[in-house]
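Each of the next two complexes has subunit A plus one other chain: subunit B in the first, subunit C in the second.
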Partner chain A sequence: MFPYKGYAGRWLHVNLTTGSVTSHPYDPALAEGYLGGNGFGTRLLWDHVGPEVAPLAPESLLIFSTGPLCGTLVPNPGRMEVIGKSPLTGIYGDSNAGGFLGPELKFAGWDAVVVTGRSDRPAYLAIRDGRVEIHDARELWGLTTSETEKAIRDLWDDAAVKTAVIGPAAENGVLFSGIQITPQRSAARCGLGTVMGSKRLKALAVRGHGAIQVADPDRFHEISADFHRRLRANPIFEAVSAHGTPGIVSMMDALGRFPTKNFQMGSFPQVDALDAEALEARAFVRHLACFGCPVACDKLYTLADGPFAGTSLRSVEYETLNAMGAAVWNADLDTVLAANRLCDEMGMDTISAGRAISFAMELWEQEIINLDDTGGLRLDWGDQDVILTLLERMARREDDFAALLSQGVRRAAEAIGRGAEAYAMHVKGMAIAAQDGRAQKSMGLAHVTSNRGADHLKAFPTIDETGYPDEAHRRYGEAYLPEMAQPLATKHKPFLVKDGEDFGAVVDSVGVCKSGGTFVLAEIYWSDIAAALEAATGIPMPVERLKWIGERIYNLQRCYNALHGITRKDDRLPRRFREEPSPSGNARGETIDTEAMLDEYYALRGWSQETGWPTREKLQELGLDDAIEALDL
Partner chain B sequence: MQLRIDREKCCGCLICTTYCSFHHERAIWPDLARIRIEAETDCGPFSPQVCRQCNARRASDGAMAPCAEACPTEAIGFDQITEAWVIDVELCTGCRACEEACPFDMIVFDEGRGLAFKCNLCGGEPTCAAMCPSGAIEIRNR
Partner chain C sequence: MRLRHWTSEGALTITVNVRYHNLLRRAAGVDAQRLSLPGGSSVREALEALAADSSEALRSLLFTTGGKVVPYLVVFRNQKLVTHDRFGIELSDGDELKLFPAVSGG
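What follows is the complex of A and B.
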């Protein structure tokens, strides 16, 4: 009998090769030592998907995992983790989405769904409370994501069914395919949609009617309501709520942190065409929220006229405005929205897809590739038809060039050669999102230490992004100021990154959002999550214990990557950031050298300066003795 | 008092339904929430549905709500202070006549316990209105 509340207390194991569906009790030791969500998935990946298993092999796991606070009363508890070995990077992979699926899964009585094997024909998984069935999905194969969602709603005759679906890109083997989560949220990065496609699993569909119990209802209610009060009183709540992530476009541009022309620059001269004001004037319809979120950073945007009239989509994010806008030198907002919609329908990560295009456009500019290479396309900066055509071709892997780009910038650069590697802006095979380490030094470090390859969301250093001295003071105290809030300062940043990674691992493991209080707003922190967890689950959770768990999860991911050959030499930014001074904004004249920060970071982590691997002592302290053995330390 | 709904403001977050169910059931159980969010699509528009507390204004003159009128055991009575029609679960036999009678589909029936439930305005402090982040649900005193 699983002793803790907050959890459903069981998880579902689905083998698509044999067609078996098994219910497993949640292991109390996993809850105590890894919480759930990201931690649960990390542990299962470590246990069952070793270096000998290829990411797209049938034995590879695809893990959908919720946490103990998912679906509860705390603010924005709608997040769900997807974990697997990334076919894009070949190392640890995860992706996180908001929406309504995670809570629905818990109301159906499941904490996680773990998928293995490969179906001999397209299949989808139907979860109606305790009743779980694998259904034929041949009729759904080839459909776009919204067509698939609609088909399942119609089949079930239930508008409230929640789904996770893949689009044609994943079916076709595009390595940065994502998973669309109801309603139009994306678990986009790391190519986990491709893993789903390799299993011939078109969708997961869930309806649940049950309850989530908590250990101490009065205390949990009090804590949750207090979180809500604090969030709504936070000085930047209104701005985040009003504009969502597009609200930071103009700020980031002024900092020189808004990648332009494949990171040649950090500011876009026509940024006014892409900012929140422009977006809202052009297409805003209404504010939308994920499950249980008071921020409601999602918006419905619809184009009423123009060449893409009728294009309607939820949440046009900062990242996409950059990837389909400034990064490819495109100032046409309608094209950005059309590209976003195309990626959503095909089921592709807008960041990696956009970066593949900006990479290709720079190769064209540098005359490294010509018409013979590009399938007859002239890849001029900002050509709107080319952007949409390339996306369409990538999703369908229509010709050799598009098929090459669909494998991500690292593989494409290796195949092209002729110096193309210099323009592939990635770390560990993951294309860099819309930040620039030259303009924000903590972010440069975050990009190299992130366990899923270049990524802002592992450490998510929001504190020094635009300089939040009040938040920095609240979290870290007077001793860390002023540098902690200064984007160009390197002092204290290794600590900021380590702390963010450990806290982020916890946030992703309990099932709440990083944009609604924990990182953005910087309101909810270690002691808050510890108190909420203890009241919800009944697991005694002193703050020090929670920090130990966060560090443990992050270290186990690093060990997983170490087993896959990752060492210090891979913790490295592209040459451009190290050698080409930024020409833009606040970052003008800046390069970034992460080596000194890395030395300090490894020291703080208790990792070897030479290999960048966790030491034997650190792993003993974290109760990861099996990792000591696996790494032969 | 009564609940006033401004549909335009609803973002579909469902905080009202989680807090409602928690207030009444001490668990997060949206299916047993006494409030319901209807959605035209999953991107809205949304329409919060709450009990209208029918005929509350004329209850002192003996007017009945359809649910109360339909109840064969007189389990549904009017609370003069909160101005809400309230189900006495001790008297409820689970016959579902109230559910049939409600023109707005606002009676919640729990198959497990075989009992009907409805909004009682949380005894005078409606948690949905208190927690709604967008001002879509507000309290109005008559």
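What follows is the complex of A and C.
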């Protein structure tokens, strides 16, 4: 019997080739050594999806994984992980979403669902507590994500069913397809929706009526109440809650960190048309929250008039305001919302989709591509019709050009040639999100060291976005100031990135949100999570043990990538950041060279300076002897 | 042509444009305002002038009850971030100050 609380104690294996559904007890060693969520998925991926397995092969795994704090009383406990080998990058891939599915899965009595194989026809997985069935989904195939969600609710006659669904983009093989998680939250990055589509799995549907037990209820309640009080008392709680991530648009623009015209600039002259106040005035309906979250950073928006009247959506985030706005030189907020909605319905990552368009627009500007290449489409900056047309065409892979863009900027650039590679803004195949390493040096380093390719959320260095000097002092001490809180400083940033990555791995493994107390409010930190974990699970969790686990998870992901050929040469930003001084805002005149920071980062990590791989000694320290053998160290 | 106003003591008056964002805009009730200050005024003095002539809601977002600038106030002067240890820098006529509450995310 599984000895720990907080967990459901079992996970599901679904083989879509054979149709078998089996229940597995959660291995206590996995809980003790990898926690759950991201850690659980990382370990399974390492064990079962080697370099010989193609991302979209039936043998590839798709892992939906919750953590021991998911669904409990701590604030922001609604997150779940989706893990697999990314078809976009060919390396480790994960995606994380909030909402309500993670808790529901635990209430149903499952910590994770691991999908292998490929169904011979479209299918969906129905989980009603302990009853799990694979159902025919031919009637659902081809539907948009919201149509699919509604169809399942109608089939079940249950408005409370929680789902993970793919849209037409994943069915069509768009490599940056995501998975929409109730309620229209997005597990968007890395193309894991494409993996789901390759298995002909249209949806997971879950209803759970059980409870989550904790080891020390009194202590856990005390800790949870303390977390809630601290979050609400946090100096920036109100600002974050007021607008959510759109609230950072104008400040990032002032920092020179709001990518404009495919990163040619870091500030957008018409940023006032896209900022939080503009969005609120134009379309705000009400605040929304994920499961158990006091921040309620999500909002419902509806366009009451105009060419897209009636468009209603949630989760309009900073990233999409950039990807469909400034990055493509578009100042029309209605178009941004329409584009956001289209991506949600088709099931596409707004960041990667937007970056594909801004990449194409710059190629057009540079006359690297012409009307013959684009199928007659003029890709002028800011053309709203073109933005929406290209999104639709990419989702359906309707023509050769759209189909090419749907494979991501790296593959598209390689296929086009003619110097296109210079304008493909990615690291390891993952398009860079709405940050600019020239404006925030820690973020530039974070982009190159992230295990899923360019990503801000692995390390998520919020401390120095605009400077949380008090929090920098509290977490790191006087010795790290003032540079730790300065966005243009490189000093101490390798440590900030490493610490963020290890802590982030733990946060993603236990099931709480980075946009809540842990990173954005910078309120909850190592000792807090350790205390909550111990009270919830009964697993002894000294802080040093928790740090060891976070480092272990991150190193295993790096080893996975090393097995797939990643070395130091891949930890590199595009030429634009290194050679073109930013013309914008606080970053005016800045470039970024990550090499010196990388040297220090590798030293802190205990990795080889030459290869960027973990050393034998480091892997022994982390109890990863099988990685030593696999990498022949 | 910039107007310069000479007082009887020969000091200059400068005009600074202040833009508010996020909660500060809500508290101020306006997107932006112009601020007239004595020549040689610093960033801190500009904030004090704003606080002196504003609602309690805005004042509390600028200064603590102890008279210190709120630690989470973020200030840009002409597109350059001004850290709190540099709030003594002298402003010039026509400067733009952007004020934000510190937020992060992505």
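Going forward, the second predicted complex is superposed on the first by the 633 of 633 C-alpha atoms of A that agree within 3 Å, B and C clash if a C-alpha of one lies under 4 Å from a C-alpha of the other, contacts with A are read in each partner's own complex, and residues count from 1 in each chain.
Here, a residue touches a chain if its C-beta (ideal position, glycine included) is under 8 Å from a C-beta of that chain, and two chains touch if they have at least 3 such contacts.
None of these values were measured; they are calculated from a predicted model.
Engineer: Would you mind checking whether subunit B and subunit C clash or fit side by side on subunit A after the superposition?
Structural biologist: Overlaying the two structures gives subunit B and subunit C room side by side.
Engineer: In this superposed model, does subunit C or subunit B come into contact with more residues of subunit A?
Structural biologist: The partner that reaches more residues of subunit A in the superposed model: C.
Engineer: Classify the contacts of A:Ala54 with the two partner chains as first (subunit B alone), second (subunit C alone), both, or neither.
Structural biologist: It touches nothing on subunit B or subunit C.
Engineer: Taking the superposition on A as described, I'd like to know which of subunit B and subunit C A:Leu631 touches: first, second, both or neither.
Structural biologist: The answer is neither, since A:Leu631 touches no partner chain.
Engineer: After superposition on the shared chain, which partner residues are touched by A:Leu388: those of subunit B (first), subunit C (second), both, or neither?
Structural biologist: So A:Leu388 meets neither subunit B nor subunit C here.
Engineer: Is A:His221 touching anything from subunit B or subunit C once the two structures are fitted on A? First, second, both or neither.
Structural biologist: first
Engineer: Scan A:His287 for contacts with subunit B and subunit C and give back first, second, both or neither.
Structural biologist: first
Engineer: Who does A:Arg232 touch here: subunit B (first), subunit C (second), both, or neither?
Structural biologist: first
Engineer: I'd like to know which partner A:Pro469 touches here: subunit B for first, subunit C for second, both or neither.
Structural biologist: Second partner only.
Engineer: After the superposition, pull out the minimum Cα separation from subunit B to subunit C in whole angstrom, please.
Structural biologist: Minimum C-alpha separation, subunit B to subunit C: 17 Å.
Engineer: Would you please give the residues of subunit A that touch subunit B in one complex and also touch subunit C in the other complex?
Structural biologist: Common interface on subunit A, subunit B vs subunit C: nothing in common.
Engineer: Please name which positions on subunit A make contact with subunit C in the complex.
Structural biologist: 235-236, 238-240, 242-245, 247-248, 250-251, 254-256, 267, 275-277, 297, 318-319, 433-435, 456-457, 460, 462, 465-470, 482, 486-487, 515, 519-520, 522, 584-586, 588
Engineer: Under the definition above, what is the set of subunit B residues touching subunit A in their complex?
Structural biologist: 11-15, 18-19, 21-22, 25-32, 39, 42-45, 131, 133-134
Engineer: Help me check something: in the complex, which residues belonging to subunit C touch subunit A?
Structural biologist: 21-23, 25-26, 31, 70-72, 74, 76, 79-81, 83-85, 98, 100-106
Engineer: Write out the stretch or stretches of subunit A touching subunit B in their complex.
Structural biologist: It is residues 71-73, 100, 107, 159, 182-184, 209-214, 217, 221, 225, 228, 232, 286-296, 300, 312, 314 of subunit A that touch subunit B.
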